[in-house]
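For reference, the structures are reproduced in the following blocks.
Each of the two complexes below includes chain A, the first together with chain B, the second together with chain C.
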Partner chain A sequence: MTPFGRGIIRILGFQLLALVSLALALSTTGSKLLVVLDPSINKEDYSIFFDDLKDRDFVIDFRSANDPHLSLFNYGERAYDHVILTLPPTQKALGPNLLAKPLLEFMANGGNVLVLVNPNEHALGSVREFARELDIHLPFRDTKLVDHFHFDTAASPNLHDTVILDPATSLVAPSILPGATRKKIVYSGSAFALGNNQLLFPILRASDTAYVYDPAEELLASDSPFVSGTQAYLVAGIQARNNARAVIVASSSMLSNDAIDAADSANRELAAGITKWTFQESGVIKLASVTHKLANTDEENPQIYRVKKNITYEAEISEWTGDKWVPFVADDVQLEFTMLDPYYRLTLTPVGANGDSELYATTFQAPDQHGMFTFHLNYKRTGLSYVEDKRTVTLRHFGHNEFLRSFEIPNAYPYITSVVVVVVAWVLFTVLWVFSGPEKVPEKKTQ
Partner chain B sequence: MLLRNILVASLVVCVSSPFVSAWTFSDATLAINERSGTLETRPFSMSVPLPEIISLPSSALARLRFTVRSDLTPDTNNKPHQAYAIIEDPVTKLESSFPVDVRENGRARVDIDYKTIPTALLGPNKPLTVTIVLASFGAESPLKVEIGQVQPVYNGPAPAGPIRFGPKPEIIHIFRPDSKFVSSTVSLFFSAIVVFAAILLISSWSYLGVMPSKLLTALASSPLGHLGFFTSIVAIEIAFFNYYVGSTIFNLIAQVSVLAPIAFLSGSRALREVRSRRLKGEW
Partner chain C sequence: MAPKRTPRQAVAKAGAVSSSLSPATESPATSGVSTPAASRIPALPTAADTSAIVYQAWNSYVADTPRKLKLVDAFMLFLVAVGLIQFVYCILVGNYPFNAFLSGFSITVGQFVLAASLRMQANPNNSSQFEKVTPERAFADFIFGSLVLHFFAYNFIN
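Right, the complex of A and B next:
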């Protein structure tokens, strides 16, 4: 199915404009973007961020959290492809449509969620619960990240809460900011802690001397920081097993015009990198094709192989660059040949580009064990779409006419010789028995 | 909260001064304490770190004591907002911070208890660097100084890391060993014995005087019977040989079903001729 196919069915109620831009979308999963924005938040403060999204062909639907018609679902189907959730400072709750459960259900249906936590307000219960489901633990209300070593001397000469981050050390996922940059990231807000979930995709962390403190509780000294040092994360994502993505940004202010316009700021590129990853524009790979066959033959994907035959397995993987699919080259793609346990786990060799995908191949000898085997390609890497493919084939044992012949086995030579000797001697014996007789007829003895 | 920020800011601003001031510490010692008492005490300072790696037994804690001094307010407040002792694994760059308890007179103390060190930092031969960070709001220069290395005593295998996506070790199937054969020399030797035995047998027949001397007589009296009998016997043997080499059982059945009646009919004629000779006494 094409990335656009499913979407087209779902947007029957949408405008023609949406239809057109859907076909042009840079995201692989669609362009319908819901932005939950509180009326008290001035959209103009984030105009660069939203304009950049519009330039990338997203059809943005701005809604207030207390909009009674706001729903992530339409007749049980996802109504949007992506959601940006900003936390309203004026309300205590986000309403029943944006509780943790509908948000998780939205992700379970393949939707992507970007949560921008407001630094000046406490995270709402539903968002905190949603984040906790993702193994991201939001800080207590009103906390602040400070760094007395790397701060903006102009913006916060005394409070040290406008932190300057060096992408070289703080960016955990370099793919988010492609290309080396000497620009810095301007940040003010709090920071959260991450759990140990392997699905997590940490993006940005604080420097080793930063810490989170609570101005209400720790006015004089930080005696029990919520998180500190490189364990304090500012941006982190998660990719669910269905490839739906969610990213939590600990402070929406890092995407504001002020932060983007700050001198030497890499925030605009970072914002683009974060939204591209969240909305399936970057880090997206797909399996273009899978074939397996007997080595040096042409028949593809047979249902049955014999034990100890050489099998060639080939897979093609493509990567989405934002406008086209290109070959995806990696040296750690592995194939497992499995019956209950893997009998083989082989690293596939990238053979070369085949059109818009990279061809990976390996040849191996089928195990000497018959049964139902599975070619299992399971390529899961942090920050990339998960790619998995299973093909089950039968591995049969030797046919009765496929074993070694007795004349090929040295042990059998005496037996074969014996059989030949018996046959020859028997024919000879028959000849002798039939045709033998005395040279002369013996004289009959007369009594 | 805003009020508190202003409070902090004003507090900081009122104590700021134009000269560059900094946080410092002195009179520093690191003691390894067990329940039974102090195992060892080492002095260190900002410029002279601990010369060697200090061992920290699993039942002990490392107690750092030092005196913090603020250049700005040495008489009234020597308490920085951030006073951490950070332990870091220099290889993995994982770290953990321990807030230092500082009094206003500058006396500072922090206990790095073995039990509170995260397992990710533990391991055999994994010394941890200890860094002291003193910093606060305002213009005072922060201090970050590495004071030495501590090795928590750890026996046994390194704790398993968290589960992460990544390539797994390769697996290559190990085949059962092929069946072993004797060398063909040995095999041919025994074959030769068999052939030799056959030759011995056949030559013993001629030694006894058994010769096909009546061949022409027999052929003359019953040519069809004898030729048919022997040809069909040899043909049946050839059919069996073909089957062994690769023909199918159906071919064999077809061939034998033709050859067997021939062998039967011609054989009975041939044997009748043999009987007539035997009755004449030409056994």
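Right, the complex of A and C next:
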């Protein structure tokens, strides 16, 4: 068979597998997962993590970073739906297929990326540029997160670089670990700093007694730690404007079997929460439908409205629970009725569930200005998918027979009565004039 | 046609009105007193003089005006009152349905103008100036014009 034919069968095979697995998959994007894992790393050290992923119906493809056939794209389309990227410990750089540009193109095509960065790896520089695109500033090489007050006494009694985190204070995104838990998070790695990008979704940060420094250079730490306290983030993500997600975890040992099996550790749940958010299983909402119409009529989505008419706008939003769409209820969904500037900004009230989505509706009076107006629904919340919808309609001015008649305006009553009164008086005058007798002629003086 | 008055009678009529206003140019035929011209200094009109003038004018009007003209005058006064009320209302409250205001105001103004024309043309004293127009013709014109005006006003109210 020609390579072309083999390629076609591979694509078709993937599509068939994808179709079958999509019916069972729990991610809304797809189930093809690429894990870039260097062969020198023992996969068994992360067996619990990968088994949990396989239980969620992901089809995992383990590749090495310097595999020459590894490519995120296949004939212009993305070959995988998600990528877990770990850095090879012995190499200086990643291959050309995993640099920042291919990863960003992968995200632009809707793929999700999870990067596990161990700071003492030589290939850190390759990921640094990708992280900088996400406004995440990775630390220098060989730095570690250290906390002298909350550390694992068994694992690192001297260096204090295995820290214990309390989810109540360190977990910034409560939706990642649903349900209160008393367990702690065992963490050994570094931390990075976040920029000011609005699209960032911070997940886990260090406690306020922790700091990042290079153990080999003690002096530097006291003057200028790379990042310290609650500004040191351990797990943070970004959701791009096309809803593709990327998460950077500054440690890979957090997901290892040792950390998961440690006593009283919430690492397994945390790993599940992180991967669910990254791979579009949680925090996914969609706009199921949008309709606008004149209030109390049936014709949906007309293209022309008239000024000062009552308009009803309805939107339906669903949330993905992991295996089905359910109504998504929120009290801050807003509609903007805009022509260059918003004329109205109205809150859509949740009316009730409609099948698998929640119906939001509002009724308002069109403003007294004609023009091309847009119904702009813009719902962007941290941790949830971005929902945006724009519909443009025409608002025409009054027709010549649509203005109020004068007799409907109370202000005009005096003028109308005056017309009637003058006409009546004129009739009286005419009658009196006609029927008034002849003039008495003043006598002529004959003197 | 008004009866012709002799200059004598005209002066005699005017004498009572202008006794305090006229300078020393009275006709020597009627003036029984001959006074030197220098001592006839005109005095400023007092309040009593003004009210006397108004009173005299009113009496002369009531006595001399024919009944039909008084009818027209009453009609015109009524129209002025109605128009004034509307105008004040418009200033105070606003001219929101502007064409309704125009309609109501212009019917009073237009009717006033037509009534004034009728008065001019139907006044027997003016018959010398309107040789081709008899009072009946003037009245017919008045009715026609009024009907057109009413039609316009009723439609312009909207």
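As a working rule, the second predicted complex is superposed on the first by the 384 of 447 C-alpha atoms of A that agree within 3 Å, B and C clash if a C-alpha of one lies under 4 Å from a C-alpha of the other, contacts with A are read in each partner's own complex, and residues count from 1 in each chain.
Heads up, the rule we're going with is that a contact is a pair of C-beta atoms (placed from the backbone, for glycine too) under 8 Å apart; a residue touches a chain by one contact, two chains touch by 3 or more.
Note that the structure is a prediction, hence the values are computed from the model and not measured.
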| item | value |
| --- | --- |
| Which of chain B and chain C A:198 touches, first, second, both or neither | first |
| Touched partner set for A:323, first chain B, second chain C, both or neither | neither |
| Contacts of A:423 with chain B and chain C, given as first, second, both or neither | both |
| Which of chain B and chain C A:158 touches, first, second, both or neither | first |
| First (chain B), second (chain C), both or neither touched by A:211 | first |
| Chain B versus chain C as contact partner of A:414, first or second or both or neither | both |
| First, second, both or neither for A:299, with chain B first and chain C second | neither |
| Residue contacts on chain A - larger count, chain B or chain C | B |
| Residues of chain A that lie at the interface with chain B and also at the interface with chain C | 409, 411-412, 414, 416, 418, 421, 423, 425, 429-430, 432, 436, 439, 442, 444 |
| Of chain C, residues touching chain A in the complex | 2-3, 5, 9, 64, 66-68, 71-72, 75, 78-79, 82-83, 85-86, 89, 93-94, 96-97, 99-101, 103-105, 107-108, 111, 115, 124, 139, 143, 146, 150, 153-154, 157-158 |
| Contact footprint of chain B on chain A as seen in their complex | 142, 146, 148-149, 157-160, 196, 198, 208-209, 211, 213, 215-216, 218-225, 228-231, 308, 332, 334, 336-337, 342-347, 364-365, 367-368, 380-382, 409-414, 416-418, 421, 423-425, 427-432, 434-439, 441-442, 444 |
| Residue ranges of chain B touching chain A (in the complex, touch as defined) | 1, 4-5, 7-9, 12-13, 16, 79-84, 86, 88, 93-97, 99, 101-102, 133, 135-139, 142, 144, 162-173, 175-176, 181-184, 186-188, 190-191, 193-195, 197-198, 201-202, 205, 210-215, 217-218, 226, 229-230, 233-234, 237, 270-271, 274, 277, 280-283 |
| Chain A - residues contacting chain C, complex | 403-407, 409, 411-412, 414-416, 418-419, 421-423, 425-426, 429-430, 432-433, 436, 439-440, 442-445 |
